[in-house]
Each structure stands twice: as C-alpha cells, then as structure tokens.
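Let me give you the structure first, and then I'll get to my questions.
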C-alpha cells in the first residue's frame, strides 16, 4: 500500500497499478479510447493525459504506474486544455455523423467531446473520406469514424491471436484494414471488436440501423449459453408500439465487464442468441392439464392432490434453471422424501480459439455437481408415483431425455415446469409455465464456482410464476430469501443479492 | 372574498344600465351590418383561407435534397423527442454511397400518426438534417383512421411553407 | 272579383289564410333575423351558407327553409317511458293557442264599402271580450309546456316545465293588472275601442308604468331571455329535452308565434294599434303601420335577448311578485284616480 | 499464392534473419529483398514474406504500407524521385518536377507507357547541401537544373547511364 494524492485528496492504493486503474477504482473519470482492461496498453490515443507533479509534461494515465507520494491532477486546466486539443485532432477527419451512427448514445467520443471538446471545427481542409464496407458477415467498418485506438487490432492479436486486423498507410492516411475476412467470420469472438470500438467505426451488421441505443434499457445478466457464466449487458426495448419496426423486446447482448473474473468479452454464439428470446410462438403461458389450457386454481389443486397422494416421488432438477428454482425443488424433495436427480447436460465441441468457452452447455450445472445430486441416468428403478421435472429440455443429453420421458410416462402424477411446449410438457399430466431467462432474477454457479446474479428485466408475463411461488407461496416472499436459505444450509455461508453484487462471489 | 357593493336607487332601477347595454349591442349590430363580408372578423373558410403566422405548426413535411432523395437519415431523433410517440421510423442501408456526403442510412418507412401528433414541433427542433418541418398546412382531415397514418411518400408531397 | 272577395264568408277565409300565412312567414323570417342579428351583435357572420338551388345564398334566408326540411325529415323519436298521447299532443297544445290569440287583434283600420262594415280582425270586434279572450287563450300556452315536460318522463324536462309554469303564472298576474289600466281608461274590453281611444295619444305615454310592466311581463310570458327558464338552452335543461324533429319545431314555432302575438298585443294596447300619423288614412297604410310597429317590437325581443343575461330564479320571482305586481297596482290606482278626478 | 521464394532466396533471407534477434525485426530487409526480387510489393509478395518469416500477414502488410520506399504498384525501369522539400524547392526543384511531368507526360506516381520511367514527388532525400536532388532508382543526381535533367533523361533513354 502506498499513499498518493489525486486532485488534492489523499488515497491509499495498492502497488503495481496504473493511474487509470487507480482512478477507475476510485470512480474518478479519466477519458480514454485505447485503454481497455482486457488488452495490452498502447498509449496511442493520448486522451488519458493527466498532470503529475514534478513531471515536465503530461503523462498518459493508462501507462504510468502509480508511485508512492505521487500527486496527480486529473482535472486541472492544463489537462482540460490537453483533452480539448486531443479531441480536436481526433475530430479533424471525423464525420460527426452521430445521427446515423449506431454507436451514438454509447459512444466514448461523443461523451468526451460533449464534456471536454470544442464545438467548432477550425480546420479548413476537407475531411478524409473512406467508403463504408461490410468486411465480413458479422462486421462492418466505417473508417471515417475511426480514432485509431487499435483496440480491435490488439484484441485480435492478443486475445484471439488470429491477427485479422492491422493499420495500413501512415500519417493522416492511416486506417485499419482487415486482411482476412474469412478468418474473421470463423473467429468465434470476432463480434467483440464492435463492442470494443469506442466509436462507431466497427459495428455489427446484425445490429446496424436496427435500434437506437438510447431507446433501450440495459440489464445485467449471466449468459445461459454454457457453464462459463459470462456477464451480459442485455439491451431491452419494452415500450414498443405496434407500428415500431419490430426488433425486440430483447434488442441485443453485449458483454459486461467482470473485473473479478478478468473477463470482458463474450463469444459470438452467446451474443447472437438474443433473438431466441423474442420468439414467443411455442411459449407456455398458462398451466396445461392433460394438454388442455387450465386455470391456476385447477393446476394448484392438481399439485396439491399429487403432493398429498403419499406415493413415491422423484424430482429432476435443471441445469438451466436458477439456483433459487432448483432449491425450491430440492426443498420439496426433502420435505416429501422424494428422490433427487439431475440430468446430464448437453456437451458441444469447442471452437477454435475457445478461450473461456465451456463444453457443458448449461449455466447452472456446477450447482448440481456441488450438491452431489445423482444423475438421472444412474437411476435404478423408474417407478415413481409423482414426478416433477424442471425446465431443461434444451440443455440435456439424449440419454437423460429418454430417461426423464419414461419417468414422466409411468408416473401417476407427472408435472413439468416448462418455458416452451416440449416433449416433456406433452408427456406430462400437468405442465406449469416457467419464467424464461431474462424474466426472473436468479443466480447461477459457473464452472469456476462463482455464483453470479442475473437480472430479469422483462418481468414475469401474465400467468407465469416462479416454481417457489407454486410450491412455497406462503413460506417465501421473494427469491432472495430462497437464496439466503440455500447458502446457509447448503454452502455454509450467508449470501444475499447485495453481497453477490454485479460481479458475483467465488464459493 | 365577498365584496359588498352598495347600489344607489338609480342603480337599483337597472333600466339605465340595461339601456346602455342595449346601446352597445346595437352599435355592434350596425357596425357589422355595414361592414362588407370580406372585412369582418370571421373568415369565410373554404373561399378565403386564413393566413396563418409563419410560426404556425401544421402538417409535417419531409424535405428533400436537390436530387429528390429524402433528407431524413432515420436517426430517430424526432421519434425520441416526440412526446406523443407519433413517429415510427424504420431505417435502411443505402448502397450507392456518395463519397462527398456521409450518407449510408435512410428511412425505409417513416410514418407519422396524425391522431397521436400534438403538433408541438419538437421533431423539427430535434432534426439534425432539417428534414422534418411543420408547414402551414392546416387542412388535414381524413375520412378514416388509416389515412391518419401519413407515410413518407405523402410527407414529401406536403407543400412547403410560403416563406420557404 | 273584388266583390267576390268581399263577400262576408269569403272575406273571413281570406283574413284567416292571410293572417296565418303572415304569422308563419314571420316566424320563419324571425328565426333568421334572430340568428343573423345575434351574429352581428356578437361580431360574427351567422347563417349565410344555405343556398337556394345551391347557387343563391341570399344572405342565408334559405336557412329557415333548410331547417324546416331537416326537422321534417328527421327521425321522430318517442322515449320508451313517455306518455305517448300527451307527448304527441303537447306541441299542438303549445302551438294552437299561440296562433289562436292573434284572432282578436285588429291589424288595420275598418272600412265601409257599399254600406257594409268590414273590419280587419278575424274575430268580430263587436264581441265585448277582446282583451279577456286574448288572456284566456294566451294562458293556455303554458299547458303545452307543462304537458310536454311531464309527458317526457324525464326529471330535467319536468324541472324546466315546472319553472316555466311558475314563471308564466307569476307574470300573468302583473300583466293582466297592467292591462286593467288600459281597460279602465278605454272603458271597454273591445280591442278596436282600445285602439280608437288612442287616437292622438298612445297609451304608452299616460300609462308609462303599465306599459313597462306589460313589456317586461311579455318577455316572461314568451319565455324569452332574460327569462328563458323554461328552456335555458345554454346551461339548464329545458322542458323539451326529449323532443326532436317536427315536434321540437312545433315548440319553436309556438315560441315565435307567442312572441308575435304578444308584440301585437303590446302594439294594440299601448302603441295605438294601426294608428300612425298620416299613414293610417289608407287601409293599406294602417296595415303597414301595424306591421311596422310589430316588427320593431319583435326586433326588440331579439335585441334584448342578445344583450341581457339570464336572471337567477329567485331574482325572477322577486321581480315578478315584489316589483311588477306593485308597479301594476300603482299604475291601476293612478289611472283610476285620474279618471275619477276627471269625472 | 502465386509468388514464391526459391531455395536460394530462402537461404538469403535466412542470412538476413541471422542479423536480428527475432524474425519480426527482419521484416524490413526481407521486404526490401522481396521488392528487389518481385519488382514491387504486391499483396502476394506480402503474403510470401509473412509466410517465410512466420509472421501474421497483417503485420507485414502494415509495415509494407507504412514505408514509402516499398512500391505497392509496379514501377518503370527508372524510378525518378524528385525531392520537393524546402531546400530543393528553394533551388528550383519545383520547376524541375514540372518540366519532368511535361516531358514525360505523366503525373506524380504514374509510369510512362513504355514502362521506362516512373515519376514521383518525394520528401527530403537528405542531400540538402547539393539541392536540388533527384534520385533515380538508388542513385542520387545532385545540383540539378532543367538542362541537366533533359540530358539525363535522354541518356537514360539510350541506356548510357547505369543506375
């Protein structure tokens, strides 16, 4: 630990950090383009210049390490003047076409120029113009807007190590170019460069001109695509009118920075999975008894009848459902003396490069393993009177599927808790509608045993209720109380949503 | 607050006040009787149109460039500014990019719901391209609700303001 | 030809038809004058769009015709819970007395041809009940209103009807007492005597108070502003809320017919009837003089309507009972004392 | 990839590489070598260099486009580079450049139809003391005048001077 002064305020900070990192942790804003926590430090945008006492010139905050008794000024007149100058140079050839730029609304350049920049271009020379091109299936490039931060180049060089991008030409003619469009298409992380780009130079073809970002609200979620548990920023546009061009309510997924996991990117498979949540045709929105739509009251009566039948029972947990939902099912099993099972999750070969992508394609599989729940395929007999199956159909292997189906078919009271109409719901007596990902708050335990919280921005549709409300509507008032009880009983620690926070807790 | 007014006997007769009042009305009557119809306050509408002030906010117009293309770049600024949610835009790519002007986006559909519109002019204020303006056109009735959804093609045809 | 017309029976029919046509025409023109006059007083234009054959606008004079046609072809609705017979009868009860009253009014000087005396009123003036007849029949108009209001089976209309009948009855008293002065000074109930008694000096001068009371009561009797409690078209709901189409227009006709009758009565009683300096030496001149006076009184009806606001109900009652009746009594006593003094 | 280095070339490049700590540092001389061999640095040449040095194509392309000494287009037999920086310009290099343009009938960066001359306006050639300076291929011609240029071009056409 050492003591430094930032803007005449004493701070005690850890060694081995740059000024920018220190300021970021202290919530002091230092504008920057080329710095990114997941990439190497380039120091080429000159936007993060700060004044350091004793230094003859301004220092780049991103590449200067803090030292003991350092005095840093992030907001002095010199610094402001420098930012103004840097922005004027950056904007020299910038088209300032914010109205048509898809980055507008979340653009660093736009924000910084609003805060620090000048409003009039002084140069009388015409601006350099480049054509907009779609460089690959996923990405388009607009060189006019590029500020040459080289984040994209560094990402492809350092993180995926595929080297598709470079800068060519020099001086004022410098621009980025893609030397290997096919490689970019095959790169499973390529779309991250659209997120990385601090301006609108690189963007996703899929999102191009679809929605203005300021119309959306952002929700932090955990990607349900695999066990890795990447953090997502989900853009939702829920206030659409019928005449609006219909993209949404889920507009796109982008990655959310998770400093604790040191993870700032998401794979393209996860990113483009957003459109699946806009399809509602197969959704189960009302309880179904023997394939016929029924009321909540009748469904509840059936549930009660099943639970009071004193038959043997089995509960099949779901690696797709959240900790809270699974725990509700566990509680039921414990209370009624039912057997607990877990299905074997679906596996998929990894793409190249894989980085942090996991083979197991279910977000909460680690929870089953932690609790040492037996596999459904290891089950000896399958004669149960009551069977409750949680929503898992999209994530389990075929042998589990067959086993669960036979369970359902033989049981007198077969109950499934499903998002969509599926083989499970068709083969069970009672199918209860389950909330979809993004519709409910819930926690997931990822492959590195980190419990993270996913926020439900859409809210429950009418008629859809979480499982704990069906089973223990009187005992629990919210899902957080389930989490607290779960962590107390099964993990031996006290957890709450506040404690988990944005970035999760390592178990 | 109650204000007590003491009326004199003359006031309480009321007749003089009534006569004065009748004098005023008959003055107006004769004034209007001898005013030619063209100079009366009332404008006889379909034959004579009222000259609205230049700041009048009537039917919207989408301005076009010299080559006839719509100035609008589908930036959604107007739709965002609209307090009545009356504007619906769908954006589209332009392939034939003119390098002298950074045009890559244009509206595929641009609908204004006149039944929702409150003619506040915020869209005009928000527009960075001077594409949408509110003209002096005030004869904007429709025979059905569907006709109230004004499309881009119709908006281009709205006559310009006289002053423009 | 002339002789044929002057045959007593034919002459009677000619008079009836002429009077009827003139009254109805005046009703139609009256609505037009009312609306155009109102418009001009309020700096507006008024109805001027309806064009004959789609071409000739003639300042909106075709508007009453258009209105009439409209009324005629409108759907006739009778409310489900209304008393159907009375509901249909009420407009007639309102309209017929209004026109009947006019029968007693002499609208021109009488004349002799070939020794036969011709008089220009529908009822023969020899009947010594002229003034009584007028009041007797005129008072029946209130039945139309109250019956219509009651038959509609609507609380708002009954409120309007109640108010109207109370008002009419209240002012009837003052009106009649004012006329007593005229009858006293004339010494006869015959309206032609009343007129001939005014040769030289119209009653309005010696009996100014009576004329004023009669004039004010006239507005109340005809339910005109500032006493339009029966209808209160702008805010209160009147006796004919449930009426539409021709039935409604009958009420409207009755109102205008009442106005004309009341105005004719005022002309007869206080303004010397068909008397007019120099003009009344010819028969046609006397009719013209009568019509001129009538029209100007009618104009005053319109004029007052667009000048004065409506009274409050308590003000109306106070004015009727505490001002008008005492004033008419004073007028009567003054006239009686004067007559007694003169012998 | 149409362009290839021969075995002999590979040995030469190996020699170059040995002069540097890693192969990345050998990019510039290898590119020079490739330019000499292939005439100019085409996209294929970049790929060939990248392949032989085991570097990403992107890196080699970035380097190749950064330096103006690598010709990205085919050049004529004589690549005339006229310095128009301040010293030479003061001594009349602009007139020389204009003269050459008219004489050869080409603009800056173009090649004559007979593929003999390529004219290019360049920045300082580092010979300000003997301005105006022009460089033809790798040889300097200093203290030039319009007359000297005429002479020079004529003799170049005849092949009298070796550059």
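Chains here go by letter, A, B, C and D, matching the order in which they are written, and residues are numbered from 1 within each.
Throughout what follows, contacts are C-beta pairs under 8 Å (C-beta built on N, C-alpha and C of every residue); 3 or more make two chains touch, one makes a residue touch a chain.
This structure is a prediction, so every number in the text was calculated from the model and none was measured.
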item: Which two chains share the largest set of C-beta contact pairs; value: A-B
item: Chain nearest the global centroid, as defined over all protein CA atoms shown; value: B
item: Centroid distance [mean C-alpha coordinates] between chain B and chain A, Å; value: 47
item: Chain B and chain D: spacing of chain centres that average the CA atoms, whole Å; value: 68
item: Chain centre separation (chain A, chain D; CA means) in Å; value: 52
item: Where chain C touches two or more other chains at once, by residue number; value: none
item: Chain A, residues touching no fewer than two other chains; value: none
item: Overall pattern in which the protein chains touch one another (line/ring/star/complete/other); value: line
item: Pairs of chains in contact (touch as defined earlier), listed by label; value: A-B, A-D, B-C
item: Chain D - residues contacting chain A, complex; value: 56-59, 61-62, 65-67
item: Partner chain C, residues of chain B touching it in the complex; value: 18, 21-22, 24-26, 28-29, 32-33, 37, 40-42, 44
item: In the complex with chain B, residue positions of chain A that touch it; value: 95, 97-100, 104, 129, 131-132, 142, 144, 208-210, 212, 214-215, 241, 243-245
item: Chain A residues touching chain D - in the complex, by the definition given at the top; value: 153, 157, 163-170, 177, 179-180
item: Chain B residues within the chain A interface of the complex; value: 73-77, 80, 85, 88-93, 97, 99-100, 102-105, 109, 111, 113, 128-129, 149
